[in-house]
Amino acid sequence: MVDTKITLSGLALDNPIIPASGTFGYGYEYAELYDINMLGSFSFKGTTKEPRFGNPTPRIAECSEGMINSVGLQNPGIEKVIEEELPKLKKCFSKKVIANISGFSIEEYVHCCEKIDGEKQVGLIEVNISCPNVHNGGMAFGTSPESAFEVTKAIKEITKKPVYMKLSPNVTDIVSIAKACEEAGADGLSLINTLLGMRIDLKTKKPVIANKMGGFSGRAIFPVALRMVYQVYEAVSIPIIGMGGISKAEDVIEMMLAGARAVQIGAENLVNPYICKQIIEDLPKTMEKYKIESLENIVGGAH
Amino acid sequence: MKQSIFTVENNECLAKNTYELILSGDTSDITKPGQFVNIKLDGCFLRRPISVCDYDDKTLTLIYKVVGRGTEFMSKLTKCDKLDILTGLGNGYDLSKSGDTPLLIGGGAGIPPMYKLAKELIKEGKNAAVILGFNEEQELFYEDKFKELGTKVYITTADGSKGIKGFVTEAMKNISYSYFYVCGPEPMLRAVYKESIAEGQFSFEERMGCGFGACMGCSCKTKYGNKRICKDGPVLFKEEIIW
Amino acid sequence: MVDTKITLSGLALDNPIIPASGTFGYGYEYAELYDINMLGSFSFKGTTKEPRFGNPTPRIAECSEGMINSVGLQNPGIEKVIEEELPKLKKCFSKKVIANISGFSIEEYVHCCEKIDGEKQVGLIEVNISCPNVHNGGMAFGTSPESAFEVTKAIKEITKKPVYMKLSPNVTDIVSIAKACEEAGADGLSLINTLLGMRIDLKTKKPVIANKMGGFSGRAIFPVALRMVYQVYEAVSIPIIGMGGISKAEDVIEMMLAGARAVQIGAENLVNPYICKQIIEDLPKTMEKYKIESLENIVGGAH
Amino acid sequence: MKQSIFTVENNECLAKNTYELILSGDTSDITKPGQFVNIKLDGCFLRRPISVCDYDDKTLTLIYKVVGRGTEFMSKLTKCDKLDILTGLGNGYDLSKSGDTPLLIGGGAGIPPMYKLAKELIKEGKNAAVILGFNEEQELFYEDKFKELGTKVYITTADGSKGIKGFVTEAMKNISYSYFYVCGPEPMLRAVYKESIAEGQFSFEERMGCGFGACMGCSCKTKYGNKRICKDGPVLFKEEIIW
C-alpha cells in the first residue's frame, strides 16, 4: 500500500489534495456530489472585512486550456463567514479547513486573521496578497518584498494558527518575496495565484471581461507554476502548497517533485466538479506506476 | 445537479444557424422548465450552458444557435456521439404564479425554454399564449410545435418578413395576460420589463465559470441581495430586478 | 477587398505576419515548403557577437498547448550571419528582414547592432533583452527599467535603422520597462518573449530540460501576451509588434485590437510549418467576417 | 520535407507495448532508410518523431513503443483514421560505405529503421547480418521478417529469455563485419562504439521542437561542427561523434 499522507505545519492530511480558494465556494455545492471529507482539506472563498459584491459582469472569459476570472473577491464579509458559513460547513466537512483571507490594508488583513484565528474549524490561514482583481490592495502587497514582509509580520503577531502567504506569479523575482515572507515568520507559502491575462471579443471589439483584465488560470499555466515552486523551494525552508493548472494525479506528483508538500486545484473544479475525488482515487495507482511508496519522500525530489 | 453521459439521437438544423439536439440519458435531475444544462465539448475549456427546451424520462431536447467555437462544434455532432453533461442546473420557472392566462415571450435563442414551460402550463389547464420574436423569417422555428400544444402563437420579426413587424413588445401591446414569462437577449428583457402590465419572471444569461454556484462568476445584484445567475437564477422575478 | 497592409516605422509590410525569431531559422527550411516572400517580414534567429552552441540537450519539453525551449541562443555569430547567412537568404527572400540581436554586455549589443546596421537586407533591428535561457545577460537587461534604458540608448546612438526592443513578460511591471525603452529612443517594441517555465519527468524524477528551466511559449500564453500588449499600448506611443501564442487569423486580429501593429508567430511554426501561409490566406476572409476593412484601422481598437 | 495526410491501414500489437502501424499516403519525399517522420496527434502540442521502418510507393510502415501520452494515443488508432505527417525528415543512412558484410544492430525501439536498411542492402547484393537486442522475450518482434529478407539474425535479450543472454555487444564479439549501422538507446550506442572493430553509422534520438531544422532544439557537437539531429542527422558517422 502506498502512503498519501502528508503533514503541513503540524496539520495531518490524509492526502495532499486541496480545492483552491474561489473555486469551491464554501464546499456545499460539491458536498451535493460527493463526500468532501475525502479531501485533504479545502481553502474557502477569499474573505474580507466587509461584505463585497466584487466586480461587474462579465467576469469570466475562456482561453486555450484555461480561463480568466475577475470575480473580485465577492464574499459576505468575515463576520458572516464566521457566524453563518462555518457552522453550515461543519455539517458537511468534519476536517480542518483553510481560511483564505484578503484585505485592502494591513489593518484589514490583521482584523480578519485575528477574528478567524479563534475558530476551531480552521486548520491554517492562507493570506492572499496576490489577487489581481482588486485595485489598491491585493496583488500590490504581493509584488514587493517589503510590503509582503510587513503584512506577514503584522499577521504573525496576532495569530496562533499557521499562516501561509499566497503569492502572485506576476512578479520579476518571486524568490525575494518568498524569502521576505519567511523572514517575517510565515509558516508556509501558497503559490501561485492567477497570472494577469486578458481576452478581447472580436464581435464587439472590446475586452470580454467588464474589468478588462483578470486572473488567468487552468492547465495552461502549469509550467509557470511548477517553475516558481521549484525556484522557491530552493530558497526557503518553510513548506509550500503548490497550485496552478493541476488537472490530474501526474500533475500532483510533478508539483510535489518540484517542492510542494500539498497541492491545490482551482479552475479544473469548475469544469469537472468531480476532479478532486478522481485525483484522490487515481493517486495511489499513479504512485505505483512511478514506483513511489510515500508522498512524504518525494517532496522536492527533482532538486 | 448530476454529471452524466448523454448520447446524441438527432442533431438537425431547424432554421438559419439554429439546431435542435435530441439526447438520450439520465434526465432525473431536471425538475422544472427554465433550468439549464452545462455541456463539456472537446477543445473548449469551459462548459457551454444551454436551456432545457424539453425533456421526459430519458430524452432531453436542446435548441442552440451557432455563435462561436463551442456551438460550431455542437453543430457537427452526429447520432451516437457522447456528451458529458451537468443536468439540473438553475432554479427554473415558478409555475404557481402564472394565473389563468399567462403570456410566454421568447426571443431567438431565448425561445427554447418556453416550449417545456408552455407544455406544463397547458397540462395544468392554463390558457397560455406565446410570442416568438425573430430578426427575420429565415430564423423562424417551432411555430408549429407551439401550435400543436394548443397555445395561441404570435410571431414578430424585426424586418417584418413574417408575422408582426417589430419586436416582441409590439405583439404584447394587444394581448391581455395574467402573468408573463420571458427569455431572450438583455435589450429585449429590458423592453419587456417596461412594456409589461402584469408581474412576471425573467430568465437571464451570463458568462459562466462553473454553472453550479461555486465560483461567483455570474453574480448579479437584486432587490433581495446578490444572486448567482446559475444557481439562484437564471429566473428572477420582475419585482427583484435592478437594471 | 480588405486591406492587410501595415507600416512599421516606415517599413511597408504587405501583411502583419512575421515569423518570430528562433522558430524560423534563417528561412531556408520554410522556403522549401512555400514562397516565403508572401510573409510581411521575418525575424531571424537571435544573433550574438561570438558563435554559440547554446545549452546542453534536452532543450525541448512539451506542455499543454505549448512548449518549453532552452536553446540558449545557438548561432554562428554576427560575422558569419552577415557573410554567409544573409547572402544565402537573399536568394529565397527579397523583402527586408528583421535582425534579432542578443548580447551579454552593452558592448556586445552595440557591436552587433553596429555591424548589422549597414546591411541593406535588414529592415529593422529587434533587440532581445529578454532571453530567459542565458545566464548573466539576456533577460537581466529586460527586467529593470534602468538597464533597459541604458541598452536602448547605447544602441540608438550607433544605429540608423529602426530599433525595436524585445521585452520579457517575466516582470512585475512591463509598462515601466516599455516606457524606459521609449524614453531612450526605441522606435518600437516587440512583446512578449517566452515565460519562464519548467517540466519534470515523472520517470527520471528530474527536470526534462538539461538547463532545468526554459522559455514557455505557444497557444497557452496568449492571454498573458495580449494583456501586456494592451497595457503597454496605453502607456507608449511607439509601435508594438505583438506575439505569444498566436495560432490563427482570429488571434492576429485580437492582438491588433489590443494594440499591436504587426504580429509574430513562434512555436506554432514548429508544429505546423505552413501556419504563416495559412494565416495570411485566412486573414482577408476573417476580416470580412468581423467587418474589418483595413488592419491599419483596428490597431488598438479595443481601448 | 512534405506535409500530408496519411490513412491508417492497420495498427497492430506486435509484442509487449510494441505496435506496427501501416499507413497509406504520399511517400514521395522519403528517400532513404534511416529517415524519420513527424506525426501530429490530437491533444499533443509537439509532433512525435518515428523512424521509417519500411516504405514503398504508397505505403509507410512504422513501429513504435508505447512510452507516454503520444504513443498511447497512437496505440488506439484504427483503420481509416487520418494522420497529419511530415515526411522525408533526416539524412538517413549512407549505404555506399557498407562494404560486403555490413552488420546492422538495433536495440528495442531502434530496430525499425534497420528493416528497410537491410532490405536495401540485400537488394544491392550485400551479405548483411542483423543483431536485434531486447530486454526480454516478450518484447521480441520482426525476427521472422528479417529472416525472410535472407539476413542472418542474432537475437540478444538482457535477461537471457531468448537468444544470446546480454546486450547486443555480446553478439558483436563473435561476428566479423565490414561496416556497421546501429540504432538504439544511447547507452547501447556508447557500448557499440567501444566494442566495434570497423567504421559505422549511428542513429541518434533527441527531444525535438520542429524536426526539420528550424528551431535548434536538437543540436549536438560533432568533430565536423554543430549538427542538428533532425536535419543533419539522425545518422552520424562513427568518426565524427564526440561523446
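A, B, C and D are the chain letters, set down in written order, and residue numbers restart from 1 in every chain.
Here, contacts are C-beta pairs under 8 Å (C-beta built on N, C-alpha and C of every residue); 3 or more make two chains touch, one makes a residue touch a chain.
These numbers were taken from a predicted model, which means no experiment stands behind them.
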Any chain that touches chain D and chain A: C
Interchain centroid distance [CA atoms averaged], chain B/chain D, Å: 58
Where chain C and chain D are represented by their mean Cα positions, the distance between them in whole Å: 36
Whole-Å separation of chain centres (CA-atom averages), chain B against chain C: 47
Set of chain B residues in contact with two or more other chains: none
For chain C, residues contacting two or more additional chains: 63-66, 219
Arrangement of touching chains [line / ring / star / complete / other]: line
Interchain pairs in contact, sorted by label: A-B, A-C, C-D
Footprint of chain C on chain D - complex, ascending: 1, 3, 40, 44-47, 86, 206-210, 212-221, 226, 231
List of chain C residues in touch with chain A within their complex: 63-66, 68, 143, 170-172, 195-200, 202-203, 205-207, 212-213, 216, 219-224, 226-227, 230, 245, 250, 253-254, 257-258, 290, 298, 301-302
Residues on chain A engaged by chain B in the complex (per definition of touch): 22-25, 29-30, 32-33, 45, 53-54, 57-67, 69, 71, 74, 208, 218-219, 267, 269-274
